[in-house]
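Both complexes shown next keep chain A, but they swap its partner, so chain B is in the first and chain C is in the second.
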Partner chain A sequence: MKFITIDKKDWAKGIEKSRETYKLFGPVKEKNGFLIKSLDDDVQPDMNYQDSVMSPKSVVFPQSEKMLTTSLDDSQDGHHIMNRVDTDYSPKAVIGIRPYDAKAMQLVKLNFDTKDYRDPYWCDAYEATTFVGLGINKPGLYDFSTSAGSGPFEEEGLDVLLADMDDKYLAKIITDKGQAYVDSCGFGTDADEKESQVLLDVLKKEAEKNIASKINTDQLKSKTILDLHEAPFWDDVAFSCINCGTCTYVCPTCWCFDIQDETKNKKTTRFKNWDTCMSSLFTLHTTGHNPRDSKTQRVRQRFMHKLKYFVDKYDQGTMCVGCGRCVKSCPVNIDIREVCNMMNAYEKQAE
Partner chain B sequence: MDTCINKIREIALKLLENEEVEKVVGFANGTIPMATSPITIDSKQDVDKLVFNSTCGLNLANYIRNQKGKLAIVAKGCDSRNIVNHIVENQVKRDQVHIIGVPCQGMVDKKKIDALFDDDIIEFTEDGDTLKVKSNTKEETLSKKDFLRENCSLCQHRNPVLYDDLAGDLVEEQKLDNPYPDVDRIEAMDSDTKWQHFEDLLQNCIRCYACKNACPLCYCPTCFVDEAGPQWVGKGQNETDVSTFHFLRAFHCGGRCTDCGACVEACPMDINVRDFTRKLNKDSFEMFGWEAGMDITKRPPLDAYSPDDPNDFIK
Partner chain C sequence: MENPYMPYPVRIDEIEIATEDKSLKTFKFVFLNKEDEEKFSYQAGQFAELSIPGVGEIPIGIASSPIEKGFVKFTVFRAGVVTSHLHNMKVGDIMGIRGPLGNWYPWDKLENKNVVIIGGGFAFTTLRSSIIYMLDPANRSKFKNIDVVYGARSPGMLLYREELYEWEKRDDINMHITVDGTDDPSWKYHTGFVPQVVEKNAPKADDDTYAIICGPPIMIKFTMPSLVELGYKEHQIIMSLENKMKCGIGMCGRCNIGKELVCKDGPVFTLEELNLTPKEY
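After this line comes the complex of A and B, so read on.
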């Protein structure tokens, strides 16, 4: 594994240079906090951010994405035949993505890139993207990533991992994609591999000490689905829920989407929009029947999917990386950490 | 605040003990600083979970529709006005709710306090007008009146307008020469600037619908944004669709909005959704002398015919 150091004085210039090859995304300060956005020509990624309100999943999975289009004009050739829209899949790089968000991409990949099916929209965007991560020296109050299969310096899903060392970055180059990005910036002061790894391990250890909250997940797998499904606590968990989509939209691993057709004049476009299990339209059948008709059923779906169905199906831990965004943003303070611990500890009472 | 919490618990205990109500809807402490969560309790053992403080920014009237049996609800001024709305709009019967009124000194603007810190707030305490806020890197002592939500600083109905019990002494109401300075500012803009203002306002809207779902007025069985036949509005991020949602929602609230601020409180993107509803509140007041939710015997102005209506077209 190769390490390089980047003097912060050279940073902005290198980032600028990489724009010749890459379209850049990174943290930008907005009114309500930071967002990971496409960086305009004169905007540098703001590397002093703690976390972003929205996860960066939209870089490869936009909230609303055009998939197919066709003409409904009978006089046109190929009318009524849907064709894939022309989307730009030239190289992109996300600068400063947090390790838990990169890990989340790997979990989402399990859904969009399988042995049997490949979602070309997600996969093409993913393959075009290089993930330049920024380790978290001081994790915030809401971070519980270490107990959710990730951590402040976790490398899974990253192409480069940067560690902030005051006047410089120590960069661990993890993949060829990462090397290509670093080359495009002109960064190249090699660092000693062994020494650098020691430095990184020290930072990692210090950072992990800051994480005070955790979830317990060890028992989730051994529970039976129906026991958890019928557990008595769901009405209480759901009482305060207003069924808004905040938790699912800020979540880096929520992958559900909805297909919509929109027609204007004689042109029709098929869209893929983020869906949310909180909505009364979620899983509403054309018959009018909805298997998740009530608020409690929908809230239960969110937690069962993340903490039980996913765990059972993929054997890759929970579908939660511990970023804490839903905990921080939920208007009524429904806390996934509490719900997870409750599920993990639940024992069905003998009848 | 502490005395009012004790009083709320005392009243709740009495109501549950005497079986006057089946449950009590109130606020409980949250799991993170500056957060409270709506809760319903039905057993005497749980009354100590009830709290009230300056972070109870949601509107509990949103939690009392479609409930069976009699229930009690903790209500600050605006919640009580939305209960009145519910009674007028036949969403709940007067004798079905026992209102535990809480005279209110305003709720804090959590995002404004958050903005003072670069790192996460780890502790928030209050004592009268003094707020103590702590992060890992600094500690701030703030005066609550400087950090009130905008709707609270412009509120003229801090006392509950309808109640069965009071959990504290009535407070002095604010008398404002101009209760709508925010609307005046927008009205003074030329039309291009105004359009830009609303475009900027909605720039980060993610259509999570937290504003509409936190709003006690938004109880339509199927909201127009969810209708499929016909579909009134597109579901993507198209600017026109996003603003159509906000414009139409505001008009549906015309003459009904109590400016409780729950929409802004719930918004994860810090959008001042009240910029849409406030103008309609001002118009209702100026054209019909109307403030929503003040009287269970009066119907909202857009819902009633009056022989002395100031408009000629209707006569």
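After this line comes the complex of A and C, so read on.
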């Protein structure tokens, strides 16, 4: 594995240079905190951020995305025949993405890139994107990534991993995509591989010490779906929930979406929009019947999906990377760590 | 791989009012591009998304049979935004079909078996597809006895009446047609609810007999005890589910029952499989 060092004095210039090839995304400070956004020409990624309010999933999975379009004007050729919308899939790079968010992309890929179907919108955007990660030297209060299959310096899903070393970045080039990106920046001061890995390991160890909370997931697999589904604690878990859906929107792994048509001047567009399992409309049948009619059923669905159904279906751990956004953003303090530990510890009482 | 959200363009070729209350219509579609018909190669029991640009999409079971070539047919109940719009469309209109989607009745497993088909109301569409498929001279010898129990509120509410009465005359299929009630003195078939007709007329279970059941929840609820009474085991009862769907390809996340997605892992499940999942349908 190749390492390079980047002097921070050269950083901004290199990033500017990469714009010749890449459309850049990165952390930007906004009124309510940081967001990972498309970087305007004069904006540099703000690498001093702790975390972003929203996950960067929108880079490859926009909150609202055009899929198909056609004319409803009967006098036009090809009216009512849908065509794929022309979308820009030229190279993009996300600068400063956190390792848990890159790991989340890998989990979401399991849903959109399957052996039977490939969602071309998600996959084309994903393939066009290079993920330049920034290790987390001092994880925040809500971070529990080390027990959720990720961690402050995990490499999975990243093309480059940057470690902030005060006056310079140590960059580990993980993939060819990553190499191509640092080449486009003109970064190229090779660092000793062995030495660099030792440095990285020290940083990683220090960082992991800051993570105080954890989830236990080792027993989730051995429980049955029905036992967990029928466990007695769901009403208590859901009691304070107001079904606002914030947890699903800030989550880097929540991938559910809706499909809607919108028409203006006889031109119609079919959209894919983020949806939330917290909404009763999510599952409402036309007949009025709703299989997840109560908020307890909906709250249970969210946790069961992430911590049981996903675990059983893919055998790749939980569908939670421990970023802590849902814990931090929940207006009524519902905490996935508590719920997960409760599920993991649950033993069905003999009847 | 192709874009799974892209519907095949089709033209409405024929519209037939299917029931006396006009709440159901059968639409016959032909593909604008001949090669799309090949790509839309399906099995009895699958569904598709009927796709109306500017309105939306709706998942509907395929009522035509794989052996019927040159068109596809869907019988649609007028219920919500998309189906109401569809009911107002005309022959010649252009729209889309996306599919085929989901799994199908387990035709491999049903070979050399007795098959009992139980349907109620307008949930008879994929069952029609199945019966046409099984009765095809190329396929009939693959199955042993075929029994069909089909019921509706009144004679005029039975779907595919002409075909039902034709099948009734054949000796390679045992039809048990029933209506909840009728004041038609010439009605020569059963009167009574599906569960009772099943209990009196359906064959008793043995290892070589499977039941396929499709109907409104209330019919399924009361038919189950009848099947249990006849000795059917959980793995011998095959059902087709419905749930709210959007993508139809297992991605959008709303139709799940536990870890199974009704659109992709279903809609066909055995009762044995369903008993391992939360009843969120």
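By our rule, the second predicted complex is superposed on the first by the 351 of 351 C-alpha atoms of A that agree within 3 Å, B and C clash if a C-alpha of one lies under 4 Å from a C-alpha of the other, contacts with A are read in each partner's own complex, and residues count from 1 in each chain.
The rule is short, and it goes like this: a contact is a pair of C-beta atoms (placed from the backbone, for glycine too) under 8 Å apart; a residue touches a chain by one contact, two chains touch by 3 or more.
Remember, predicted model here, so these are calculated numbers, not experimental data.
Chemist: So if we stack both complexes on chain A, do chain B and chain C clash, or do they fit?
Modeler: On the shared chain A, the partners fit.
Chemist: So in the superposed three-chain picture, is A:260 touching just chain B, just chain C, both, or none of them (first/second/both/neither)?
Modeler: both
Chemist: Can A:239 be said to touch chain B (first), chain C (second), both, or neither?
Modeler: In the superposition, A:239 touches chain B alone.
Chemist: Quick check for you: in the superposed arrangement, does A:332 touch first (chain B), second (chain C), both or neither?
Modeler: Touch partner of A:332: chain B, not chain C.
Chemist: So if I put the vertex at the Cα centre of chain A, how wide is the angle out to the Cα centres of chain B and chain C? Nearest 10 degrees is fine.
Modeler: Reported to the nearest 10, the angle reads 90 degrees.
Chemist: Based on the superposed arrangement, let me know which partner A:54 touches: chain B (first), chain C (second), both, or neither?
Modeler: After superposing on A, A:54 lies in contact with chain B but is clear of chain C.
Chemist: Which holds for A:166: it touches chain B only (first), chain C only (second), both, or neither?
Modeler: After superposition on chain A, A:166 lies in contact with neither partner.
Chemist: Between chain B (first) and chain C (second), which, if any, makes contact with A:229: first, second, both or neither?
Modeler: In the superposition, A:229 contacts chain C only.
Chemist: One more residue to check, A:31. First (chain B), second (chain C), both or neither?
Modeler: first
Chemist: Of the partners chain B and chain C, which touch A:41 in the superposed model: first, second, both, neither?
Modeler: In the superposition, A:41 contacts neither chain B nor chain C.
Chemist: Please work out whether A:140 is in contact with chain B alone, chain C alone, both, or neither, and reply first, second, both or neither.
Modeler: first
Chemist: Quick check on the superposed model: minimum Cα to Cα separation from chain B to chain C, whole Å please.
Modeler: Comparing every C-alpha of chain B with every C-alpha of chain C, the smallest gap is 7 Å.
Chemist: Based on the A-chain superposition described above, do chain B and chain C contact any of the same residues on chain A, and if so which?
Modeler: 258, 260
Chemist: For a test of understanding, state which residues of chain A touch chain B in their complex under the given definition.
Modeler: Spelled out, the residues of chain A in touch with chain B are 30-33, 35, 50, 53-54, 63-64, 138, 140-142, 239-240, 242-246, 249-250, 258, 260, 262, 271, 273, 276, 279-281, 327-329, 331-335, 337-338.
Chemist: Give every residue of chain C touching chain A within the complex, in rising order.
Modeler: Chain C reaches chain A through residues 1, 3-7, 9, 32, 51, 53-57, 79-80, 83, 93-96, 217, 242-244, 246-247, 249-259, 264, 276-281.
Chemist: Inside the complex, what are the residues of chain B that reach chain A?
Modeler: Those in contact with chain A are residues 30-33, 35-40, 58, 62-63, 111, 118-122, 136, 204, 206-210, 213-214, 222, 226, 228, 234-238, 265-270.
Chemist: Please name which positions on chain A make contact with chain C in the complex.
Modeler: That would be residues 67-68, 70, 72, 79-82, 84, 111-112, 114, 116-121, 224-226, 229, 255-261, 263, 268, 270, 275, 277, 282-287, 289, 291-292, 297, 301, 304-305, 308-310, 312-313 of chain A.
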